[in-house]
């Protein structure tokens, strides 16, 4: 069946709930309403109010209570309606979910998932477009996973729910309904610590994740027309990061451009570039370029397309590294 | 008068409050008690309860109410007792303080300072040793400033309080009483967007900030004994970052080691290394090495000295870049 | 066992849903005022409809309709003084406009343009808050600044019933209580937080009682009775101005429209509930009352609608003619002065 | 105006500060139990003194003394059942030990070693929480899991008066109220949050009334009367077990010691206040009562102290003999399985 990314999320949730009755969902408007993006559509009807719990407006308590449930053996999957509202829950996520296992030497643990749409480009109001992957990757004890296609959404979400530790599952908002592809509802998970090579290429390595896969693919198409072959790597698991795939690619291409929509400075692109500047230095035949959101507040929607990395800006960066002496 | 870093903070606060009656302090235990580190010692007595306000345990409301005061023309200086308790206030800091000016096109602004001790090494309880500079540097509209000596604490804090925008002033906990130096209480500020070169050198550039200045200096001493001349750069203003000084130094030395105690992955060292991998690439004669805290929960105190970057680990990194082919 | 503290929550209504006086109207409210409230409520509804229509045709983006809550917007606007500071959430567009935010600014904001929150009037008012409840501690800070600076003004902040579940709301009330900050918290109980009904939001019988946690005063008012809103908010502001500390007022109302233009309320609530709620419509109620007292006629109504439509149409035209904002604006307004490390980014944006 | 809701907060005490019955003791509390509570309170005090002494000599680090609050620790421990889950803040070391956390584990924890929170008994209890109030939503989750899984247990979480100002506390109570989660919130009102006195913490007359915001039941109890604590907590747990929903109990007590070993309380509060508070000492009070009823003698007291000191000394010796934790432990316990990207860091640590 051909489905959109958001439908693949729903499929994975339903499958996980069928397979394991410890799995339960909580969040704002996820019940009768099926979530503001319909990610939980039909699940309330199917699984009832003991498996699908609407919550008050309390991001901190949503995450905090998930920790308690997880420690007691349930497998909560919490939805934060937009990633911009995760800030209020960061204390619970970073100070607690990520640390409970190590502070109790494994006696208590947090097998829980936080699902949240992230990123901009859909003309949403203020605070609806934040991307926090770099903040999360900096914090111990959690995994951060970002799908960029319906089938990866399905497989990665299933693995995230089965994982014995906390996972933040960031859903790319512009890809929610961007395109469809067939997804086999076979309960098969995908690994949580490997990159996906979306396109093989020889001349330059384009590293990205989430929404920006759209513009990066466009840029690669355009380069192809010019006879330049770009490899596209979808990092997918921001944390735990699979540098081997990236090192391998850059060893071949010698050139790397990293693209993300979060603000450039201290974005997760910096970590990848830093790793290249260390263990990957000898591969580099050109400076590592990063294309990111600007270091400013995400603007109201009339300017959001200027804020986000455009195909144009990506191509400029590609040309800079390709032209490098 | 020779003073410790924490005394220099008190001096700067007193000076700022004398010079400008819009300046007021708020926070937990900062009044009669003078702060748990005595940073506000004597100020309650001197300036009274309309200038020095004890608050309930409400990190979010401490920062949130500072925003309101600042927008109304006051100059609040809030203390968060330990940086590990800032998570609960991050929504107010990152979603609001940093964005109020741009979302109102400058009509309202947030001239406020958040002071908070950060880092470990003093055998404090859990949650008392976090370093969040990278998270803050990733977020728009705020400055992040970290002194590493009494006189820099004095000058940078005065400038932070005078700055028309929000500044997070991170006070290095291990340096609070580590040593004394004469500080001239002349009201003179220091620039908020330049690095400080603590020691000049030819062979390798050591970039650091805050507490780690201690171990980095020890490492440089040791290298010196071996005839190797290390340059030490104290970044001080994490945001706004002065890359020019760093580029200039690495151009001369060709080698760079970055040291911070926050977790390595996506720490602020990554941003500096990434900038070197881009605009600084041609200067690099060796991989850029980073020495940071481990990517794990800050341990209870029996292991904290293993978590923190040791002189030994810094020296190992130096040797790796110095020995590089 | 002995009782160490006791509390009660009181409820005020002047006009019931049939437009009948349940108690004499406050003496200080003149007939002229009543007619003005009526006009303003109609204005809110007309503007609201227009805004929804503009969203449907792509001229603005997500908008949160205030239909059904006009008494709240108008009552607050009239009870507040000019120099009080308003810190609203997104469903108080009516109050904002009545306080002096221009129609063009309002449209610019919903049209995704920060210039819409640069407010030429109401310079101290905060812009619309989307991030639920986060404006409540700002209000405490604003209030405390006014108190410390000896200004006799009040900070007024509004939140929805859903937002009353959020930590910031309680921290703010508690801090205001300790500081004696001159702030009025207004909880707009419209029974729904998107699809979540009041009973799933809190086990508290009233929102007003949440103030008890902070030790501050509170009461509940019929939010569909503009007289009760004006009276309740007015009394609370007077108390606060006298130095009697912060206060919470709950306005019981109902959201007749969708949550926003991105929502479809029929997914989660029954038509029957909505049509029942229409019987409590604040506008019809006051119209019935005024008509019965011959203070309002059909002619006046028609003239009013024409006038308002013209005013709004004119603003829409002006709004649509405004040229797009400059891309570089997004970094230029971040700091008082552009920091040197952002100059390169400014240049890129300037080239867009 | 009409009253739409009303509330009252009740207070319970059995033994006054002179050790006199102000009302008959609950029938189900036997004399043997009373003596046991007494022993346990003395144990708490002896352990507490020892812990402070160990800190002074550098054998453990920061410790939060519970002196003066022994009735709280003991009353809670005895009222709870084994399979209930305890989520304490840092000043309930007594309850933790009485529930089964070993003395060695306790010392390891304050000695900066995570092995101290691996609890061989009380496997479901949460470790001591330092980050104020953050354990309260955990407790709601634990309780909800028990409810959903049909287990008749209760989650019990404790917070200080200061922590009751924090957003998490309110969000947790509100969520528990909506979900009907079997959780007991215990607010330990010891009058001070480090240097901040109760009046500067909240304008609420009682902490118990904070539950009204969440629509859940609450009451206040004399926290220096172990009988009242046992009775109050016991009644609350029974109600919750019957499915009557979450509950908040405020225990009024006083922190006789410093905030922690890093604090010097004489900086901010008067000797007079402290010596007044000593008159309400929970231990002396029960001793007076028991002695008056000839249930406790000087001889018993001396024997008890000797026994306890021996037990504690033995544990301290064992604690001091435990070898240092492995450095690599800090990454090995982060995830169920070490992720490949952390292997390099594990190796470095393993070499330390």
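Order as written gives the chain letters A, B, C and D; numbering starts at 1 within each chain.
To be clear about the criterion, a residue touches a chain if its C-beta (ideal position, glycine included) is under 8 Å from a C-beta of that chain, and two chains touch if they have at least 3 such contacts.
All values derive from a computational prediction rather than experimental measurement.
Undergrad: When the contacting C-beta pairs are counted for A-C and for A-D, which pair yields the higher total?
TA: Of A-C and A-D, it is A-D that has more C-beta pairs in contact.
Undergrad: State the chain with the largest centre-to-centre distance from chain A, centres being mean CA positions.
TA: D
Undergrad: Which integer distance in Å separates the CA centroid of chain A from that of chain C?
TA: Centre separation, chain A to chain C: 36 Å.
Undergrad: From the C-alpha centre of chain A to that of chain B, how far is it in Å?
TA: Roughly 30 Å separates the two chain centres.
Undergrad: Just curious, how far off is chain C from chain B if you go by their C-alpha centres, in Å?
TA: From the centre of chain B to the centre of chain C is 40 Å.
Undergrad: Would you please write down the residue numbers of chain C that are in contact with two or more other chains?
TA: 114, 131, 165-168, 171, 174-175, 178, 200-202, 329-330, 334, 342
Undergrad: Using the touch definition from the top, which residues of chain B touch two or more other chains?
TA: Touching at least two other chains: 55-56, 58, 60-61, 84, 88, 91, 95, 102-103, 126-127, 140-141, 241, 295-297.
Undergrad: Give the list of chain B residues in touch with chain C in this complex.
TA: Within the complex, chain B touches chain C at residues 24, 50, 53, 55-56, 58, 60-61, 63-74, 76, 91-92, 95-96, 101-109, 140-141, 164-165, 193, 240-243.
Undergrad: Considering only the defined contacts, which chain A positions touch chain B in the complex?
TA: My answer: residues 60, 84, 87-88, 90-91, 94-95, 98-99, 102-103, 126-127, 134-135, 137-141, 239, 241, 262-263, 265-274, 276-279, 281, 284, 286-290, 295-297.
Undergrad: Quick check on the complex: what are the chain A residues that touch chain C?
TA: 28-29, 31-34, 36, 54-61, 84-85, 88, 123-128, 264, 294-297, 299-304, 306-307, 313
Undergrad: Can you list the residues on chain D that touch chain C in the complex?
TA: Residues 1-12, 165-171, 174-175, 177-178, 199-206, 208-216, 219-220, 245 of chain D touch chain C in their complex.
Undergrad: For the complex, which residues does chain C have touching chain A?
TA: The contact residues of chain C facing chain A are 61-62, 90, 109, 111-114, 130-133, 162-163, 165-168, 193-196, 200-202, 262-263, 267-268, 324-325, 327, 329-331, 334, 342, 345, 348-349, 352.
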